[in-house]
Structure formats: structure tokens, C-alpha cells
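Order as written gives the chain letters A, B, C and D; numbering starts at 1 within each chain.
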Amino acid sequence: MKIENKFPTKDISDEDIKTKFPLVAKKNASHKSKFVIANVEFGGDLIPVFAGPNMVESEKLILDCAKNVKSSGAHFLRGGAFKPLTFPYRSEKYTETKEEGIKWLLKAKKEVGIPIITEVMEEKYLELVSEVTDIIQIGSRNMQNFPFLTACAKTQKPIMLKRHYGSSLRDWLGAAEYLLVEGNQKVILCERGVSVPHTHRATSRFLLDLQVVPAAQEITHLPIVVDPSHATFWRPWVAPMALASIAAGSDGIMLEVHPDPKNSAVDPLQPIDFKEFNVLVKKMDNIAKSIGKRHVLK
Amino acid sequence: MKIENKFPTKDISDEDIKTKFPLVAKKNASHKSKFVIANVEFGGDLIPVFAGPNMVESEKLILDCAKNVKSSGAHFLRGGAFKPLTFPYRSEKYTETKEEGIKWLLKAKKEVGIPIITEVMEEKYLELVSEVTDIIQIGSRNMQNFPFLTACAKTQKPIMLKRHYGSSLRDWLGAAEYLLVEGNQKVILCERGVSVPHTHRATSRFLLDLQVVPAAQEITHLPIVVDPSHATFWRPWVAPMALASIAAGSDGIMLEVHPDPKNSAVDPLQPIDFKEFNVLVKKMDNIAKSIGKRHVLK
Amino acid sequence: MKIENKFPTKDISDEDIKTKFPLVAKKNASHKSKFVIANVEFGGDLIPVFAGPNMVESEKLILDCAKNVKSSGAHFLRGGAFKPLTFPYRSEKYTETKEEGIKWLLKAKKEVGIPIITEVMEEKYLELVSEVTDIIQIGSRNMQNFPFLTACAKTQKPIMLKRHYGSSLRDWLGAAEYLLVEGNQKVILCERGVSVPHTHRATSRFLLDLQVVPAAQEITHLPIVVDPSHATFWRPWVAPMALASIAAGSDGIMLEVHPDPKNSAVDPLQPIDFKEFNVLVKKMDNIAKSIGKRHVLK
Amino acid sequence: MKIENKFPTKDISDEDIKTKFPLVAKKNASHKSKFVIANVEFGGDLIPVFAGPNMVESEKLILDCAKNVKSSGAHFLRGGAFKPLTFPYRSEKYTETKEEGIKWLLKAKKEVGIPIITEVMEEKYLELVSEVTDIIQIGSRNMQNFPFLTACAKTQKPIMLKRHYGSSLRDWLGAAEYLLVEGNQKVILCERGVSVPHTHRATSRFLLDLQVVPAAQEITHLPIVVDPSHATFWRPWVAPMALASIAAGSDGIMLEVHPDPKNSAVDPLQPIDFKEFNVLVKKMDNIAKSIGKRHVLK
């Protein structure tokens, strides 16, 4: 019997590189994008660090975080004024600070002198957020919200595109192509964990996929950042996974840092505190330097 | 050693029913929503059938489909004037017909007398689509696009919410709660396959999850429809999976039907033709009647 | 850039059919194995039913089950005298009855006149079990225990090979080839659920994969049986999934039946009782007859 | 409505630690097993390296490998004289060398002075293999072959237990308990990739799960080794994943090394050559030393 070789492949083929994501794909084996955002170089020897709280809870919190993460070596302050929630009800603590949060981020940026990365979820807030942020973060759940991708790309602001936890590398690169096709050159990919059947604890949420770092770098010239906080969801695993990300060749690291993790407004099991962050940055730098010319600190 | 029971559970608990999706959850074991859309009852003894092409390719095609699926017993005509694509480049065939396609759907509705279900992907088209469609379809990739869910719900049009292929039942019910919290009562869930590591063919795409039919019905009063066409992606498997869906207790069936499947503008391996649809509807009806008082045909 | 199309495919190819599992593969599209075991035909119009308790707990229990499932229409009595456990410690209730259990199965077979299917886990018990059983059951966890597969096949007894919950169809057919290559013609495949990331309840265990029924039947001539009890792990979902299995075209059904499910020695949430079994068999028969010439009862 | 909290959890609980795998579980947070095999300490500051070809193809090959990997710093020579295959047909190249291969391993051990780790698949070869090997390797597909686990444990030889690619941490620790319950203290766990729905290339096989390193170390005192060769299945990804394993805190590394990878008898895409191994060992050592007092080389 002859079977029909019927299914279009999910694998990445030479055909894909030519017709599906020609802008995202490398032109040759050594092709790697280098670009500068707020005086920080991506895609080169530096491995930039994004750090800060999950949510911009208050002015005090974000200023405090900005100072602390900067002094430990972070290159960007992260923090959400907008936050997607699986369920439509928010506890008091969990309230999005929206326009006010954006103001506080701006204040932190000016007073502390650290550039910003923050998430937008709706086209109507794109303009507001673009005024303060140095990098627009597109969250996992919006990875295939194609009209929104196009709207973000058209701002011509740098963009970090998080991978959906149920997405293949091929789909992820396809989503990135929606950004590049608008002429936007400063696009960063971010791995943050995939859902798998074989969880460590049944109720653990995601598995950090570090294999995607060399896999993506084989196909695309875009820098790839790793976020071990959202993947592990558990403070004690953040440091080993951050160190492993550097060793695997990640082009950047995103970390959730909070002055008082247990009282974080969201996901209190996952942030590390200032002291842990300070130690971790040094170790990440050590690893980078121990295996080549890359570095986290100067 | 004592370990910390740290992770919030992904399981559905009594607490979830009270605080995460109280409107979506059943009030008691026999609670089941019944409502009428365009004279078709959902949640009762009838198992409505949605049928039609993947895309509204042309006026002729959609009129042809409308007549044929109606005469075989379909209750709704399906067909997309808008179509999300994994990559930003479209072949000529694959072009969205947008406003024009919506007009053709309206013509089919009026001339043939069959209600419509069609997908919207952007808030800006909501008004246009609402004027013709009887049910708004929210696609898998938008399942957790929360601001869009809210905008759709506010139209107060009936909505069908497709499950993301990487989503748990808990997350899906959370997304549905975003619709009900706006006062929208006519919400239908639609299972269309999940991604799994153990595919039948490596390049097959999804696995139809029929177990979610009784699992969802145990927790929610909302009707649950099954779409075996997108899950199987392969014509020969559509009929057995459609029959299995009826036997599993599905409250409705969505099927891709095309007069000339091999020349379908999108996914040509998956539609069944008019004749196959005609035979299948009768078999689905036979199964429903053989095990109780439900029916597909009158 | 040209990428290397390097990975050997996991998909099933024409090459596989010729070189990997030529005996398991169909010779032509209509090729289907038919064989008789203990006067019951497999692969034809009859859909045989295997029913009984998880474990052969006592002589009384197994005799009771044998009579009851036979009178409701079951073709084979199932029940384990040997039982793999994830952890090495057994509660008193959970003790394997081994040689004694095999004797009780033999007594049930003779007194009630119903053929037997039971699991073996070790070569050293193969001879003992072969004397009483009509079909040797190879459990999921042994699916790729290749030397054991060969030993079972060499007994020339009929064999039912359960799919590992982490196995692709390709690997499963490869394991079946180990049986056929020894000249054993009476081989039955059994689907019993796969592990997936998107469970209905985080702590639910497996997802019944009904899509594998038409997928396997497309490639192999061997009959394929479905076991919804182990997949769903939850009594209320067993009946809908059993009915769905028949509708999907399954060539047989395996069900866990216990006179007092709550007091079953193992997995007490999953067996149905005698009355539920009696009703279910009739409904399965109705479905089979409603869509063609297949039947469960005479 | 109140739902039943019915399912036994798959998560690891305090109850599990007491009743399911009390011997495998840590007694307190700092509990870590230390033991010596062939003068190499496990569970301490040294991170032992196992290296060698997939199969013991010939006397020349294994002697060549033994000398080379030893001179680069490997602590153990790996290589299979027995090899499970998914399909029952072997190419000429792919033949198991069995008894002869075991003799060649013994020769390499004596002449080169490097201890051995090799896989056994059947009880009948246990005695033969035990005479030469320093560590018995139990392969992924045998992880839940419980009678075989018991037989291996009873030899009182050190054992390395590979994780099944579809196994949770809980099931893996349960399998390890089968070894410890026989009084065998020298048990090593080995992570080698899990199957996931979101593969990088559809036909890539496994995803290396590095998160399981801290997850396992949180619960068990047993050392955990990582095998990036089988997980990645692709030479260019082996080095980044090996470095990441060290950074994540792995207690050992297993690597496939072959003098002429393209002509390896099995899986020719995955071994690294002698030169790559030599460079990699130094980098692994650098990483270990850069973040603490652990080391790969002296």
C-alpha cells in the first residue's frame, strides 16, 4: 500500500525560509542582528538584563526597584501597568495601575536614568505607552493576535515578542515576520516556558525551553532573551535556570525582582529579592566570561 | 523533610467555581443553559450543525454552499471573510474577502434563508460583522485576547468561543467568564483540537479532545460544540470524529464543507464535499436518536 | 541561507511501511485482519467487549463479575492477577493474587464459560498465564520492553498490546512488528489514553485519543480496541467515551466493571457497576447498528 | 454546585515523601547522597563526565574512544553492547555486539584504565554485564519495567536510571524507590529529554528538561546527571545544552563522543568528535568553577 504524504510539515524547511519568514531568517550562517536601544547594544557581546516587579504597584515600589536593579547592573527596568488575567475578577491588590502606572514608570526612568520595557495589550494604549517605554513587550497570549502585532510594529518602537506557551518555533518566527514586514528592525524574541505533560509538580505551570535558544539562533538573526521567572513560577528555580540560560547562549535575560516577594501583588512565589538579584547578576557575568567574550556587567 | 505545597493548582476547585467563573459554572448538577438563536435552540434535544467553507471565497461559492448544506440539514452557514494566518504573506487564492465577503454572506442568508456564523478578529470590524452574523465566532488564537472578548460580549450578539489548542479547561472557562460578566447570556464553547506530543503523523496538527465534552458539561451550563475538521486536518478522519462527537454528548457540530475540497482556498485536505456531508448528517442523526431523545434532523 | 533537512522524520512514510513495519502495514486500502479467538471474531462486524475488575481480588469477586458481564453481553472477562505499581509499596487491599488469582480466573472461565484476557509482566510467569488466558495483555509500561515482546509473541498466544501513554502511532506499530515478526498473527492494539499538557483537571491523568482509531486503521490491518476506563480515570466519563469509541470505528472495547466500584482494590474512581455496564452495552450496540452493519450484541 | 475533588493528585506531596518514596526523599533540606564508584565521587564537588560512542561497534573503536575521552578528562567510558531499537529490523552496521562488545569494553577498561557504564536490557545478561561494568545503565524505555528494576538492584551494583521521555518527576522517583528498597544505595538519576508538543523542528525528538534538575534536587538526595546528546539529537545543540546543564547544577554529564560522527553506527547526527569534546570539557569546568567550588577537571 502506498500512503499519501499528505500533511504540510510543521518543520522548518528551506521553503519556509524563502517564503514564510524571509526577513526573520538568517541570510547566512553567521548573520546576527546588532542594534542599539537606549544606548544598550543587543546581539553583541553584552547580554542585557531586564529586571523589575511583575506589576507597577505604586510609585514608591517602582522607584525603589529602579534604583536597586540599576545599581546591581540591570540594563532595563521591567514592570506592567497593564496585566492580562485569566479570570475577569481582580483582587484589590491586583488592580492595574494603567495611566498612573505609566507615569510612575516615566518618573523612574527620568529620576533613576534607566530605560523601560513594559507590556501593552490594546491598540488604544499604544500611543500612551510608546511615549514612555523603550521597548514594547507583546505578551504570550497576544503572540498570534496578528492585527495587534501589525499595530505595534507600525509604531517603529523596538519590540520584544514573547513566545506563546503552546507555540512551535515555526509559529513564533511567523509572528515575528509580521513585525519585520512593517519595516521594524528592532525585534527581540523572548522564551518564557512551554506547557508540557510531564510537569515536575502537577501544578507547576511551564517548562523553560532552553533548547530553543540554539534552535532559534540556527534559523534567525534576531536576538533571543530568556525569562526564567514566568517559566519556573518558583523562586528557588529562578537562579539555576537564569545561569543555564546564559550558558546556553541566550542574548538577554528577563527577571522578576521585588523588594518583598511574598507581598508581590501577583504571583508572589516567583520574584527574587534585591539581594538575590545582586548575587545572581554577578554569577551570570562570571559564566558569560568563563566561556567566551560575552559579558553581563562591564 | 516537609515540602512546601506551594503551587496554586491548575485543577478546577470549588473555590474556582465561586470566585473565578461563577457565571459560567453550573448552579446545580442538572443546570444547563437553553437559548434560541435565529429560531434554533441550543442546549436542548436538538444538536445544531454549522457547515460551510473555510473562507467566503466568492459569491457563487457561498451561495452554492448555503443551498447545499441547508438542504442536507445544516442549521447555520459558516464561512470566514476574515482569516488569521500564521505568516504575513498570502497567496492570491488565500486573500480575505473582508467587506465584500460579508456582503456575500448576507446575500446567502437572505436568498437561502439560513443563519450565519462567522469570525471577527478585530474590534474595528465588529459592527460590520454584527450586522450580518447571527453568531460571532472568536477564534482559538484570540481566546485570551481579553479586551477583544469584552468588546465582542458588549455587542450582546451570541458568541462562539473556540478553545486555544494549548489551553486547559480552566483557562477556557475563565475566558468564557469574560463574556458572561458583560451580561451576554448566549455563549457557546467550541473544542477544535489540542496540540499533543504524540501525534499520529508527526506533521498532523492537533488531537481532537472529546474527553473535554463530559468534563466541561460537568462544570458549566454552557453548550459545547465540537469542530472535527480543524482538529483532524484530514478529510478521512472527519466523519468518524464527527460521529464520535455526537456519541460523546456534544451539543453541536461544526464542519468544513466545500463543493470541491481539493480546490479550497485554504487547508484543502480538510473539507468534506456536499455528498459526504449529506451522508454524515444522517448518520449523526441516527446516532443521536439511537442513544436517547436528542436529534440532528427533525 | 540553506538549512540542513537533517532530522529523520517521526512521521509514517512509505519507506516505513516497507522497511520498519511491513507485517503490521496494510497490503492495500481494504486490507483488514480477521481472526477468531475463543470463538469470538475480531476485525469483522462484531465489536467484542472485554469487561471485568481491575484486579482479581478474590474468587468470589471474579466469579460474580464473570457471570454478570457475560449475561450483559461481554465476550471476554478481564482482570489482573499481576499489577504494575508506580511505587514499590502495596496496601493490604492492593496485593497481587498471582498464582492464586490465575486459578480463580481458570475457575471463572470453566464455570461461567467466558474466555479470559489478563496481563503478564514477566517472562517467568508467561507459561503459567498462557495456560489459562485466551489473550495475553501487554501493559502500557511494557510496550517497548522488546525482549519481553519477543517472549510473549513466541508463545503463539493471541496478544493485546496497549499503547504507552507517551508513544506515537509510529512507535506503537514498531512494537507490534516485534510480535508479528515471530509469526504471531493474532495481535490486537489497544488505545488507553495519552498524557497531554492541557488536562481537564490538572490531576486527571490521561486523554483518550480517539483520533488514533482512524489514523491506525489507515495504516495497519490489525484490529484496534479502546479502553476508556484507564484513560478517563473517572466513572462519569466512561460511558460517553465508550459510546464515542464505537462511533469512531473502534474494533473492540475494554471496560473496567466492579460490583462495588467504591471498594475496588485499585483505582476506585474508574469502574462502572453491573447495572451501568448492562445499559452501556445496549447503547453501544445501538450506535454500532445505527451507522452500519457492525454490532456489539447478536 | 459543589464539585467532587476527586482525582488523586499527580503532584508530589508530603504524603508521597512519607509513603511513596521515603528512601529516595531527602531527610532534610541539605541532605545529599555522596558515594564513590570506581574512585570517582558522586554528589560532591566533582561533576563526573561519562563519554563514549552510542554503540560498542568494534574493539578498535572502543579502545580509541577510551583513550581519547580519558585524556580529555572523562571519568567513565560509555558505550552499548546492547541497544533497544524501535523496530525489529537492524541494518548490518547497527548490529548489537553483545558478548563480544562486553569483552571489548573489558579490554578498554583494563588497557586504558577507565571505568565503564553500559546498558543492560534483560535479566539474562545481568550477570555478564555486571562483571565488567562499574555502573549499570537502565534505559528510558525500561524505567517502569519493575521486575527488571528489582533484578538490577539486587546485583548491588551502582545503577543509573534514565527518565522515560513521557514520565513525570513523581513517577521517576517512584521507579528509583524500587532500587533503593532492595538496599542498593548507589543510584544515579539521568534526565535525557521529554516529548513535547512544541518541538523546534517537527521532527526533532525530545526537549531537554533542565528545570527538572533543581526540581529533583529539591525532593531527593540522589545525584542527577544530564544527557544532552539524546535529548537534542543534533550535534550543534549538544555543547550549549551541556554548558547549560552544568550551570543549572547538574551532578554529572553524559555525552556521546565518536571519532567519526557521520559514520556512527547509530544516530550519526548526535555525537560530537574528540576535538569538540576536549574543548567542551574545559568550558564545562570553567562554568562550574566560575559559580562555586564545583569542578569537572581537577
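Heads up, the rule we're going with is that a residue touches a chain if its C-beta (ideal position, glycine included) is under 8 Å from a C-beta of that chain, and two chains touch if they have at least 3 such contacts.
Computed from a predicted model, the values in this text were never measured in an experiment.
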Check: interface with higher C-beta contact count, C-D vs B-D, is C-D
A-C, A-B or B-C checked against A-D; over half of contact pairs coincide for B-C
Per the C-alpha means, the centres of chain B and chain D lie apart by a whole-Å value of 46
Between the Cα centroids of chain C and chain D the separation in whole angstrom comes to 32
Residues of chain C that touch two or more other chains sit at 7, 9-12, 166-167, 170, 195-198, 201-204, 218
Touching chain A in the complex, chain B uses residues 6-11, 19-21, 84-89, 121-122, 141-142, 144-148, 164-167, 170-171, 174-175, 177-178, 181, 195-197, 201-205, 233-234, 269
Residue positions on chain B within touch of chain D in the complex are 1-3, 5, 7, 11-14, 17, 25-29, 31, 166, 195-198, 202-203, 218-219
Residue set of chain A touching chain D in the complex reads 9-12, 166-170, 194, 196-204, 207-216, 218, 231-232, 236-237, 240-241, 243-249, 283, 286-287, 289-291
